[in-house]
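Input: structures, listed below.
What follows is a pair of complexes built around chain A, which joins chain B in one and chain C in the other.
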Partner chain A sequence: MKAKSRNYYLIPYVLWIALFVITPIVLVVYYSFFNIEGDFSLENYQKFFTPVYLKMTLSSFWYALLITFFTLLIAYPTAYLLTKTKHKQLWLLLIIVPSWINLLLKAYAFIGIFGTYGAANKFLEVMGVGGKQILFTDFSFVFVSVYIFLPFMILPIFNALDELNPSFIDASKDLGASSWRTFSRVVFPLTLDGVKSGCQIVFIPALSLFMLTRLIAGNRVITLGTAIEQHFLVTQDWGMGATIAVFLIIFMVVIMLLTGRRKRGEMR
Partner chain B sequence: MKNLIRALSLVLIVSFVLLYIVNRLNTAQGYTGEHTITVYNWGDYIDPELLEQFEDETGIKVIYETFDSNEAMLTKIEQGGTSYDIAVPSEYMIDKMKQEDLLLPIDHAQLPNLKNIDPRFLNLAFDENNEYSIPYFWGTVGILYHPDKVSDEIDFKQWDDLWHPSLKNDVLLVDGAREVIGFGLNSLEYSLNETDKGRLLEAKNKLDTLTPNIKAIVGDEIKLLMQNNEAAVAVLWSGTAQDAMWENESLEYMVPEEGSNLWFDNMVIPKTTKNREAAHQFINFMLDPKVAAQNAEYVGYSTPNKAALPHMDEETTSDERFYPDEEQTAKLEVYENLGKQMLAYYNELFLEFKMHRK
Partner chain C sequence: MSDQTIIRFENVTKQYDNDPAVLNDVSFEIERGKFYTLLGPSGCGKTTILRLIAGFISPSKGDIYFNNKKVNEVPANKRQVNTVFQDYALFPHLNVFENVAFGLRIKKLKSEIINQKVIEALKFVNLEGYEKREIKEMSGGQRQRVAIARAIVNEPELILLDEPLSALDLKLRTEMQYELRELQRNLGITFIFVTHDQEEALAMSDEIFVLNNGKIEQSGTPNDIYDEPINRFVADFIGESNIVEGVMVEDYVVRFTSKTFACVDAGLNQNETVEIVIRPEDLEITSPDVGKLKVKVDSQLFRGVHYEISCYDEDGNEWLVHSTKKAIVGSEIGLYFEPEDIHVMRLGETEEEFDKRLEAYEEGSYES
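And now, the complex of A and B:
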C-alpha cells in the first residue's frame, strides 16, 4: 500500500521528464533526418562535416574554452575571498543580483559602455591610452560572456570551499606545508568537484551562445548557436538546425562524462 | 504532506482568481469574439493613435501584436494558435504564404479607398491583381552615412564605394542574407534574384574582400549605432535610415545607381481570421488618405498612398531619397521567392561570408 502510493507521487515527475525532456530530444533527432525538401536523408549529417560547419564547431569550442578559462580564473579567487569575509551570504547575494537582470538588457548596456564614445573609451582617453575599438571585437565578446557567466561559476566553487573542513588546512599547516602547497595539495583537490560543476555550467551554454555574438561581437564571432538560430528562423531548414543541435547534445554528453564526478560518495 | 497540499491549493486558487480577473477585464473592455480583430505587424510600425481612432470609429477593438521577422510571423500563423485577422508580411513572404495556402483573397469591393494607392505599386509580380495583399509601406535598401566622416572622393553612387580603403573598419551591415548578398550581386551588375550558383559565388567572393572595412553585421541596433556615430557608413533599409536621420540630422542616405532592392510590406488576411469583414474595414481604414499620411509621418517609411501625399509635409514627400520618381524605381528590383533551396544557399553563403576573418 505504501509503496503503491509512493509510485503515484512519481507520476508528475515521469510526465514532466517524458514531455519536456525526452520528447524534445527525440523530436530534434527525428527532424535531423529530413533535408530541406522534407525528404528522409542523411544529407544534413554529411553537410555537418563540410569545412563551414567544422570551422564553426572549432571556433565555438575555442570561444567556449576561453570564456570558461577566464571565468574560472576570476571566479576561484573571488569565491575563496568570499569564504573569508565576515558577511559571506550578503557578499554572495551581491554577486548573484546581476544575474536577475535580463541578459538582453545587460548586452545593450554593454553596447553603450563599449561604444566609440562610451564610458570605457573615455576612461582609456583619460588614462592617456587613447580611444580603441572595443565593441565588436573578440575581447568584448569574451569579456561580456565572462561577466554573464561569473555568478554561475562562483556559486558551486563557493559551496565547495565553504564546506571544506578547516581542520584539513590546519593539519596541513601543522605538518609544515607552505601556503601554496596547502592550496595546491589540499584545498584545490578537495574543491575540484565545485570547479568541475562550475565549468560544466559555463562551458555548455557558452558553446551555444547566440544573442551576444550579434549584439556584442557584431557577428564577427559565429558559433553553432548562431547557425541553429538562422536555420530555424531564416532558412526554415529545420533539418539542418536540428542536426547541429544533435551534435551539440552529443558534445555536451561527452563533456558531462569527462568532467563527471568519479565517486558517488562525494556528491556534496 | 499537509503543507504541500495547502501550497498547491493556494496556487490553484490564485491562478483561478487571476484568470477570472483577466476574463472580466477583457469583457469590460469589449475584447470578446466578434468585436475584436487581431493585427499582427512589425514592431513600431503603426501610429498607436490610429488604432484608437479605428476603435472609436468602428467600435471594433484592436488587439495588436508584433513580430520581428517574416519567418517568425509565418511560423506563428502556420501553427494557428491565435486567430490573426491582419498580418503585414513582405513581398517574398506573401508569395510563399500564397503557395502554402495561408491567405484569404481580398474583396476589393469592400475597399473603396483602394483607389488612393499609386498604380505603380499595384499588380506586382508577387501578387497579381492584388488578389491577396494591399500595399502598406514600401522602401529601398541603401547606404546611410556621415558625410563629414567620409572622404570627399566617395559619394556612394556606386556600391563599389563601400570597398574604398579609407572606410577601414567603418562599415555596418544589416544582418540579412538577401540584403548583403544582394548588394554584392548589384555591385557586379547582376540581378538581385540571381539563381546562378557561379554568379552567387562570385558575389560572395567579392564580399569577402569587403571584410577589412566591415565593423559589424547587426540587426535593429544599426539605427542606434549610426545615431551615436559608432560607424561612418551603414547598409540598411530606407525606413531604418529615415528613423536614424530624424535623430541625427547630419546623416545622409543614398541608393546606389547600379540598382538595389525595392521592398513592400503588404496587408494580408490570413486564413486564421475569425472576423473577415472587420479585417476589410481595417484595411480600408488604413488606406484613407489622412490616416495613411499620419501613419507615414509617424513611421517614417514611404507610403504607397498617392492621395496621402498632399496631406504630408512637403519636405518629406519631395525628398527623392525616400520618394524616388518612376525613373529611379525602374532600376530597383523586388525580391522574388526563390524557393527554399535557393534561400538556403543564400544563407549558406552569408554564413561563410560572416565567418571570413580579417
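And now, the complex of A and C:
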C-alpha cells in the first residue's frame, strides 16, 4: 500500500520527463531519418560525415575548447582570490549577478561596446593605436562567450576551494612544500572536482552556441549550433538539423560520462 | 641555555589585531630528545605555541630561536619541524604510500630511497602492507599512524603533535599513549605534544607546561606538577583537588578549618594567607574521633577503581575523598592525612619565586 501511494508522487515528475525530455529526443531522432523530400533514409547521417559537417564539428569543438580554457584561466584565480577576501559571499554575489541578465541583452551591449564607434575603439584611438575591427572577429566571439560563461565556472571552483580543509595547506607547507608546490600538488588536485564540473557547465553549452555566433562573430564562426538553427529556420531541412542535434546529444553524453566517471574514481 | 636547547622562546607575544593577546610574554626552553606536553584548557594558547614553532604564524613580539638561530620569519616549509595535525590532514587524493612520501618527493630524493624510507617509516608505526590503501579505507587509529609516519619519515629534529589522540576512543587512546611514548624513546626525537587531557599529559611527558590565558602557569615533571601545584588553577586542572583557605602560623605549621596542622612547608611569612591543597586520594576515611577532620558524607559515586565521596565539614568546605572503602551517605566520618599530604600554595606566587623558596627551605632542612 505504502509503496503504491508513494508512486503517485512520481506522476508529475514522470509526466514532465516524458513530455519535455523523452518526447523531444525521440522526435529529433525520428526527424533525423527523413531527407529534405520527406522520404525515410539514412542520407542525413551520410551527409554528416562529409568534410563540410566534419569541419563544422571540429570548429565547434575548437571554439568550445578555447572558450572553456580561457574561462578556466580567469575563473580559477578569481575564485581563489574570492575565498581569501573578507566578505566572500558578497563578492561572489557581485560576480554572479551579471548571469541573471538576459543573454541577448548582454550580446547587444557588447555590439555597442565593440562596434566601430563603440567604447573599445574610442579607447584604442585615445591610446594612439587607432580604430580596429573588433566586432565580428574570433577574438570578440571568444571574449564575449568567456564573459558570459565566467560565473558558471567560478561558482563550482569557489565552492571546492571554500570547502578545502585549510589544514591540508598547513600540512603541505609543514612537509616542506613551497606555495607553488602546495598549489600544484594539494590545492589543485583537491579542487579538481570543481574544475571538472565547471568545465562541463561551460564546454557543453559552448558546443552549441548559436546566437552569439551571429551577433558577435557575424556568422564568421559556424558551429553545430548555428548549423542547426540555419537548417530549421532558413533551409527548412529539418532532417539534417535533427541529425546534427542527435550528434550533439551523443557528444554531450560522452563528455558527461567521461568527466563524471573520473570524478568518482578520484573521490575514492 | 645549553647545546641541548633546541627551541627557545624569548618574551613571545602573539596578538591578533586589537584582541587580547593569545600568548602573553612567554619564555621557555625545549631540550633535545625529550617528550614535552603543553597542557591547558581550550583557548589557553597551547596550539598557538605549536603554530609558532611550526612557522604557520609569526610572533607579534619577542623572538623564537631554533638551534640558537632566530627563526621568527622563517616560513614553515623551511623549518626542520614536522607536525601531526589534530584532524591528521592526510591528503585524501593520495594513498598511504604517497602521503608518507610527500615530504620526500618535495626534497626530490631518488625513488629507491623514497621507497625504502617510506616502508621503514610505515614499519615503525606497525602499518606494513598498507602502502596501497586509500586514506578513506583506514580507521581513525590507522590514520593517526599514517600521520605520524608522514612526520617521522622526514627525520625532523622536532615533532609537534596537536591533540592527535582526541578523536580516538578511550581504549585506542590509551594504547596510542604507550605507542607514542615508545616511539619517541626509540627515535630520540623531541616531541612537543599538545593536549587538554591531564591524564594523557601525566602519563606521557618528561616535562609538562601548564598553560592558562596565554601564560605558562607552571612547568616541570609530571610528579612536580601533580605534587606541588603552584596555584589554584594548576591544582584544579591537574587531577582532582580539595582547595581551602588557610593561614601559615609559622614554618611547618598551618591553620585551616579552625584547626592547626603540622605540614612540611616553610619559608613563608608568619600569618600569611595561603591556599591548602589536599588530593582526594590522600584522604583516608576513619572514625570521627580518630580523624583530623570531622565531616559529614553528602553523596557518593562509584567510579570503578574507587568511590568518589563528597563530604562537608562544619565550616561548609567541601572535601572530595577517593576511597576504595564505601561510606554511608549522611553519616559522620573522620578524615585522616599525613603532614606531607598538605600542600601549601602562596597567593599569586610566580614559578620563579616558588622554585627559589623550594630550594631555600630544602637546603635548610638538609642542614638541620
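Note that in this section the second predicted complex is superposed on the first by the 258 of 268 C-alpha atoms of A that agree within 3 Å, B and C clash if a C-alpha of one lies under 4 Å from a C-alpha of the other, contacts with A are read in each partner's own complex, and residues count from 1 in each chain.
The criterion applied here is as follows: contacts are C-beta pairs under 8 Å (C-beta built on N, C-alpha and C of every residue); 3 or more make two chains touch, one makes a residue touch a chain.
Keep in mind that what you see is a predicted model, and the values were worked out from it rather than measured.
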item	value
Touched partner set for A:L190, first chain B, second chain C, both or neither	second
First (chain B), second (chain C), both or neither touched by A:T23	neither
Chain B versus chain C as contact partner of A:Q46, first or second or both or neither	neither
First (chain B), second (chain C), both or neither touched by A:G176	second
Touched chain A residues, chain B compared with chain C	B
Chain B versus chain C as contact partner of A:T85, first or second or both or neither	neither
Chain B versus chain C as contact partner of A:Q230, first or second or both or neither	first
Which of chain B and chain C A:G115 touches, first, second, both or neither	first
Chain A-facing residues of chain B, complex	69, 71-72, 74, 169, 172, 175, 177, 215-219, 221, 224-225, 228-230, 340-341, 343-344, 347-348, 351-352, 354-355
Of all residues in chain A, those that touch chain B in their complex	36-37, 52, 55-56, 59, 111, 115-117, 133, 135-136, 214-215, 217-220, 222, 227, 230-231, 233-237, 240
Chain C residues within the chain A interface of the complex	54-56, 75-78, 81-83, 85-87, 89-93, 102-103, 106-107, 134, 136, 150, 154
Chain C-touching residues of chain A, taken from the complex the two chains share	165, 167-168, 170-178, 181, 185-186, 189-190, 192, 266, 268
